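Should a chain be cited, it is by its letter among A, B, C, D, E and F, assigned in written order, with residues numbered from 1 in that chain.
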Amino acid sequence: MPYVNIKITKEGNVTREQKKALIEGVTKLIGDVLHKNTKSLVVTIDEVDTDNWGIGGVPVTEIRRAAKEKAAKESESEKGGNVS
Amino acid sequence: MPYVNIKITKEGNVTREQKKALIEGVTKLIGDVLHKNTKSLVVTIDEVDTDNWGIGGVPVTEIRRAAKEKAAKESESEKGGNVS
Amino acid sequence: MPYVNIKITKEGNVTREQKKALIEGVTKLIGDVLHKNTKSLVVTIDEVDTDNWGIGGVPVTEIRRAAKEKAAKESESEKGGNVS
Amino acid sequence: MPYVNIKITKEGNVTREQKKALIEGVTKLIGDVLHKNTKSLVVTIDEVDTDNWGIGGVPVTEIRRAAKEKAAKESESEKGGNVS
Amino acid sequence: MPYVNIKITKEGNVTREQKKALIEGVTKLIGDVLHKNTKSLVVTIDEVDTDNWGIGGVPVTEIRRAAKEKAAKESESEKGGNVS
Amino acid sequence: MPYVNIKITKEGNVTREQKKALIEGVTKLIGDVLHKNTKSLVVTIDEVDTDNWGIGGVPVTEIRRAAKEKAAKESESEKGGNVS
């Protein structure tokens, strides 16, 4: 009988198989933990644009960009390190 | 004053007129049952991809495919029946 | 298959029968409008404290109090009118 | 990063340990399936009164009562069977 | 720790900067009012098609169209007024 | 027109005035950022039991308890430090 809503960021990499695994997994989990019939258990998944999701006041779009820039710099400085 | 959220699967066949009928109907229902002013009653409709909706642990995409295959087989066997 | 969430203010006057009428009514409406099987349609009703609901920036608790005070004043001035 | 909301009926029998198992389980599931950092994954659980939850147009309160009455009748008729 | 969901109509005019301002603003507001650590505060924004949003039983699509027609008529009658 | 839902943990210390400040503040913010009429903007606040809220797979009830125990130990060791 339960109803589950899962919100994730839409980042172009969640496959149909992964969504199926989420639906199957959360349904089994709830059946196991609550000993409930899950025949009519409903799961919905919302995929939210990274511009539309914020953590700690910062849009995920910016968090992702900062992480990329940091990784690029580190990779750059590593190369620099190899040279010297 | 109430707020209503309706989630349905997005299967390409819900028209603007049907959405309007849902908005009108649910607003009238709540006004009638609760005797509330519905001037500021808000209804939102979410259309959810069939990959993103599961029932009883199975994605709706698969439920729909299974139903189609079953219908196709039955139609096939009926034709077979007509022949004999 | 749809899922419906109805949020109303908790003001001590919504009976079990009214909730049942909402559940029945919204289920019938969706079945009629969308021509969907409603056997597994889920409706949940949230009752929200008037302190926890705001419209136009004002808590419903204050909107209700202001309405009562206005009604009381009007009733008072009517009585005054009857005397003169 | 994901956010999960689980709605279940409030039937006086879900323990703190079961809620913890739901929170742990769904967090692990999402980490495993989506290969995401779950450090800030949020899960909230709503417990909904059986009067406020309907399936197929029928309040869960009535579904539960009907199931009990059916079970009682069957138990009764079994006893009757034993007598004869 | 809080979680905030903001639903707005999708009318093609909400920029990435405005979304960022909403995320920043609501996070700061909650930190200021509740004196809570907002490091893991999550905000999600849903943009809803105007066909899928109703107020007082009327789809926003129609409310917008009626407002435009009214504005057009007034502009027309003003011009008429200028002529006479 | 927007609709905002704020979920916070129910920890016995959010006053009616704080809820009012959230309702006022978020309404003003959205009006300022989106240049929208906020006359019918709705805000609802859900207060969620700490057993029913998890972060990173851990119920908030346990996070709070661990923080208290840590604070108590630190206070204890400080006293010990003062003695020596």
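In this text, a residue touches a chain if its C-beta (ideal position, glycine included) is under 8 Å from a C-beta of that chain, and two chains touch if they have at least 3 such contacts.
Just so we're clear, the structure is a prediction, and the values are computed from it rather than from any experiment.
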item	value
Same-interface partner of B-E, chosen from the options B-C, D-F or A-C, over half of the pairs matching	D-F
Between B-F and B-C, the pair joined by more C-beta contacts	B-C
Inter-centroid spacing, chain E versus chain D (mean Cα positions, whole Å)	36
Cα-centroid distance, chain A relative to chain D, in whole angstrom	25
Cα-centroid distance, chain A relative to chain E, in whole angstrom	27
Residues within chain F bordering two or more other chains	1, 3, 7, 40, 42, 44, 46, 53, 55
Which pairs of chains touch, using the document's own definition	A-B, A-C, A-D, A-E, B-C, B-E, B-F, C-D, C-F, D-E, D-F, E-F
Residues of chain E defined as touching chain A within the complex	16, 19-20, 23-24, 27-28, 38-47
Chain A residues touching chain D - in the complex, by the definition given at the top	1-9, 14, 18, 21-22, 25-26, 29-30, 33-34, 36, 40, 53, 55, 60
Footprint of chain D on chain E - complex, ascending	1, 3, 40, 42, 44
Touching residues (chain side chain E, partner chain B) in the complex	7, 46, 48, 51-59, 61-62
